[in-house]
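Chain naming follows the written order as A, B, C and D, and within any one chain the residues start at number 1.
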Amino acid sequence: MCTAATYKTNDFYFGRTLDYESSYGEEIVIMPRNFPLNFVNMGRIATHYAVIGTAHVAQDYPLFYDAANEKGLAMAGLNFVGNAFYRDDIDGRDNVAQFEFIPWILCQCANVTEARTLIEKINITKTQFSPQMPAGQLHWIIADKNDCIVVESVKEGINVYDDPVGVLTNNPTFDMQMFRLNDFRGLSPKQPENTFSDKLDLTSYSRGMGAMGLPGDLSSQSRFVRAAFVKMNSRSAPDEQSSVSQFFHILNSVDQQRGCCEVAESKYEITIYTSCCNTEKGIYYYTTYNGHQISAVDMHKEDLDSAKLIAYPMITNEIINFQN
Amino acid sequence: MCTAATYKTNDFYFGRTLDYESSYGEEIVIMPRNFPLNFVNMGRIATHYAVIGTAHVAQDYPLFYDAANEKGLAMAGLNFVGNAFYRDDIDGRDNVAQFEFIPWILCQCANVTEARTLIEKINITKTQFSPQMPAGQLHWIIADKNDCIVVESVKEGINVYDDPVGVLTNNPTFDMQMFRLNDFRGLSPKQPENTFSDKLDLTSYSRGMGAMGLPGDLSSQSRFVRAAFVKMNSRSAPDEQSSVSQFFHILNSVDQQRGCCEVAESKYEITIYTSCCNTEKGIYYYTTYNGHQISAVDMHKEDLDSAKLIAYPMITNEIINFQN
Amino acid sequence: MCTAATYKTNDFYFGRTLDYESSYGEEIVIMPRNFPLNFVNMGRIATHYAVIGTAHVAQDYPLFYDAANEKGLAMAGLNFVGNAFYRDDIDGRDNVAQFEFIPWILCQCANVTEARTLIEKINITKTQFSPQMPAGQLHWIIADKNDCIVVESVKEGINVYDDPVGVLTNNPTFDMQMFRLNDFRGLSPKQPENTFSDKLDLTSYSRGMGAMGLPGDLSSQSRFVRAAFVKMNSRSAPDEQSSVSQFFHILNSVDQQRGCCEVAESKYEITIYTSCCNTEKGIYYYTTYNGHQISAVDMHKEDLDSAKLIAYPMITNEIINFQN
Amino acid sequence: MCTAATYKTNDFYFGRTLDYESSYGEEIVIMPRNFPLNFVNMGRIATHYAVIGTAHVAQDYPLFYDAANEKGLAMAGLNFVGNAFYRDDIDGRDNVAQFEFIPWILCQCANVTEARTLIEKINITKTQFSPQMPAGQLHWIIADKNDCIVVESVKEGINVYDDPVGVLTNNPTFDMQMFRLNDFRGLSPKQPENTFSDKLDLTSYSRGMGAMGLPGDLSSQSRFVRAAFVKMNSRSAPDEQSSVSQFFHILNSVDQQRGCCEVAESKYEITIYTSCCNTEKGIYYYTTYNGHQISAVDMHKEDLDSAKLIAYPMITNEIINFQN
């Protein structure tokens, strides 16, 4: 499935893993300010914030997986199979198709507060992008440097949750994911005291025993707990290199290795890519399963007033630095 | 602490993480065939197998952390604090100082079978490399493409264990580490069947639930179990890029993120470097905490008949591939 | 806190533990058919089903903890601190005070279906029994031999859940308790197969390894999972003695031992009593912390047409059967 | 399998569960001082300490499962399948058959110190009691009010371990069982502090969260950890009733419920009996699976100078105390 995370040092970083058994063909896409957006029900937006992210481009339309705009607002859609529920159009609501939700927010909102306002009026519809592409079942994390929310469209309606952890995975619903953290409140980066019994001489035979009980499997609830622990306890210098490096270490804690999650006979889910966007500088960093080197695309090196999508292929092979 | 692992596809790969709160200054070192080795008690070996690995070089002597020789035999020393026990010299034994053990084996043995023979006669002594450098408390993993053993010098003597997993971490002793795997025999990369109760409709709400119970913390026993599960279930194409990539994914499963293992006030153990040596081709790949790109040194690009150490600095900063 | 459970063999059994750090003075109480009940808002019920259960009697009113009526419907209230929410009176609803809920249902309903109908109209109010006795924060399990539900009055309203497990503990809400069972779907009374790796010889070193991962602590979620596993896998002969014995074994799996749950300095929560009512025969069995022998009160040995409460003291000391 | 435990208040208590899928016919047996004991290799002991315990009597010989002598020394044999190793007779050693070990110690030793001395010279032999009764694979716990040891006869020899917990179950070997407790040193009867992250508001939604992580299954290692936690944290008044009651609560924490441990198609291991001997008063208390009332036999009510075994049948049915 997938994991999204945020991280704040001098700048604000936002990224995610995309975990799946096959790729749809992703690219690093910059959507400049004048790229025209025609919404199914919401009319045309001719000029908007520039956006950078990973997208599958179909019919010249960027189907964003995760992205950030030039104001520092970022957003990602993650699988939410079985819980996501989208509706038909409803009169009096902003009827935004599921596939339009990321551009709808990122084109218009400079921060989470503005996004919340838009979401109050929204109805996320089941309208498909094309007959061949059924609506993915997703929920979304939206974050800026000050705030983070999760948006879930379920049978009961649209739920907007504060996300104090800045992490999102998949099922179950976000309130239940958060609640589970209570079970791990006694975990710590420090060695545990012996509170089992003061009459027994129980030793710390290894460093790192304070997080014993932290789940190590690849299920979505376990990835949520693990990424939350690593993120909340992460330390790094605040400069760009240290922050970006640390961010990839956070998401590496939920890396899906080929072979460990069999989804069908001899089909394995893996972490196809991992992204880390410096949302303030507009630089989109990423690695791929077979591309350990960090690659990057800087939106501000492009003409952001253009009307055309700019796309860079994702580097999916190892570029090895031979020292001799 | 540290984790070592092996992986076999077309070639045989051997590597490790070095986890610690500070670095002693490591380099990628090639010890050519004619670099003279003067052992404390075992005389001089003037000509030997060439060796490549990571070492701290002191007084022109390579103190190897992990290394492989040109015959494909590889070896690494990992922390074993509290259990390691070295002796004074014993008459009639091969008295090899703790710091000489890796060169002693890799210079003379073409495979694990030969290493076993040498170890039958060995006494690992507490002799220090220098007064300033007390003997580290270590145990060792030795592997070739067919076999893997763990060597532990403890109070009771020297124990040599078969290591069918090809993984080693730190405490407790290897037999206990292995025994713990029994507790996880029901884990699987596949979704679990509902055996809790056939009267309840319990759902698989996420992919990857088959390994629920796998420990996610950084203690040595938990890293052993996790690395064992990932390694034993790893799948990759057998070519060099796929194998090397998969190897780093295996060891990334036990990556130590800065902040998650506090060893003293505001001091954190991290994965300083991760190595992966193609022991058949003599290529030593590695990454560092702030160096996600895979770097490499190829021993066969050097003059292996030389008498001088060849050293390459470890690249410890991010080399980012900007696509624009 | 507390755990309730049901069990069905030839007859239907319903019971609970009461876990707390002190007792309010409980008795085994039979409320005969003509004991007059004056509800705060719902008028007087002069004749009703006879009821047996454990209650604290105050001002000649039975404040039932758990009870069953002569028709075989049973009900228990369990702590639900922080989630329970009771309202002021609401026009047009059946305004039943929290402390009246058990008699309201058991006096009028012959089965869960009838209880569901009454609950559709109910508003559970915060009216106190007396100024000195604030309303306990509870949720309820209601069961007959065919059906089992959980009723929770929370901020959002009144939720009625099907309870296919027939177990209830405390927090969190019942839907979340049930969802957690999914995480344990791979547990089993049988030994697990080795699915970790077919290349490793992992042994079953002990019987009973199939339920590894089952939580053993006293928190409410862990007790729910453990009691659910034991109950769903329980086997016994269908006769009275075997069924009653097995029922106490089920609830013993969540017994709270003095010392293991410290709720304040040197104050410990313990299992004050454990009950098991044969709801078809009207026999109420129980044990207490210091009373391991099963005691029993049979409602049908009393005059059930009486207008007066009948009470038996709870036996709270060990009656030891000395054989010599 | 089985669990043994000790408990000390004013007096010293020793007992065990016997967990198995079928019974061999156990009785409460008193072996008076003049019951003659003819050892296979060690000659005849005509007069000895009186002993009380549970035994299967065959050919007028008490095959004790657990017992205590009139001096307050107690001993129990527990399954140790796969690890137990008994030898042929060895010249110069005290060759004691496996089935004679309990009487050998309890007849001659007044305390653990004396038992240690005898064990220094012992060789536990594989001699069978009869051709039809192969030697059980056992290890033993021996305790008095001041000391507790575990004795294991394995391939490497006889190991005597201090047992500071006063608990024994089955596999693996005792040193490994004890080592595992280190993993649980952070558990506590108190609520855990939130050390996960001081930036998250993680709540204690239930009492008893301090022991989260305690295993709840029936495997021998999990029972050891659970019984150790309950025993080490147990609190009770020091009088006889409170102590005996608490003791049964300790062992109830590892009760095996019928259905939860399937050892063969439709065959289930259960806790056949649970014993608790006041070793100072010579009173042997016990319960059985279908006998929740505590029964007792007092050795000092018998003629301890007799030469004949005294046996009381185990009460295996519920004696229910009907209050009306």
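FYI, a contact is a pair of C-beta atoms (placed from the backbone, for glycine too) under 8 Å apart; a residue touches a chain by one contact, two chains touch by 3 or more.
Small disclaimer: the values here were computed from a predicted structure and weren't measured.
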Max Cα-centre separation from chain D goes to chain A
Set C-D beside A-D; more C-beta pairs touch across C-D
Taking each chain's mean CA coordinate, chain B and chain D are separated, in whole Å, by 43
Expressed in whole Å, how far the mean CA point of chain A lies from that of chain D is 55
Cα centroid separation, chain C vs chain D, in Å, comes to 33
So chain A residues touching two or more other chains come to 172, 179, 183, 187, 190, 203, 205, 209-210, 212-213, 219, 221, 229, 233
Seen from chain A, its contact residues with chain B in the complex are 1, 28, 82, 170-172, 187, 189-190, 203, 205-222, 225-226, 229-230, 233-236, 241-242, 244-246, 248-250, 252-253, 255-263, 268-269, 285, 287, 289-290, 292-298, 301-302, 312, 315, 317-324
Given the complex, residues on chain A that touch chain C span 172, 176, 179, 183, 219, 221
Seen from chain B, its contact residues with chain C in the complex are 164-165, 179, 181-188, 190, 192-197, 199-205, 209-210, 212-213, 228-229, 232-233
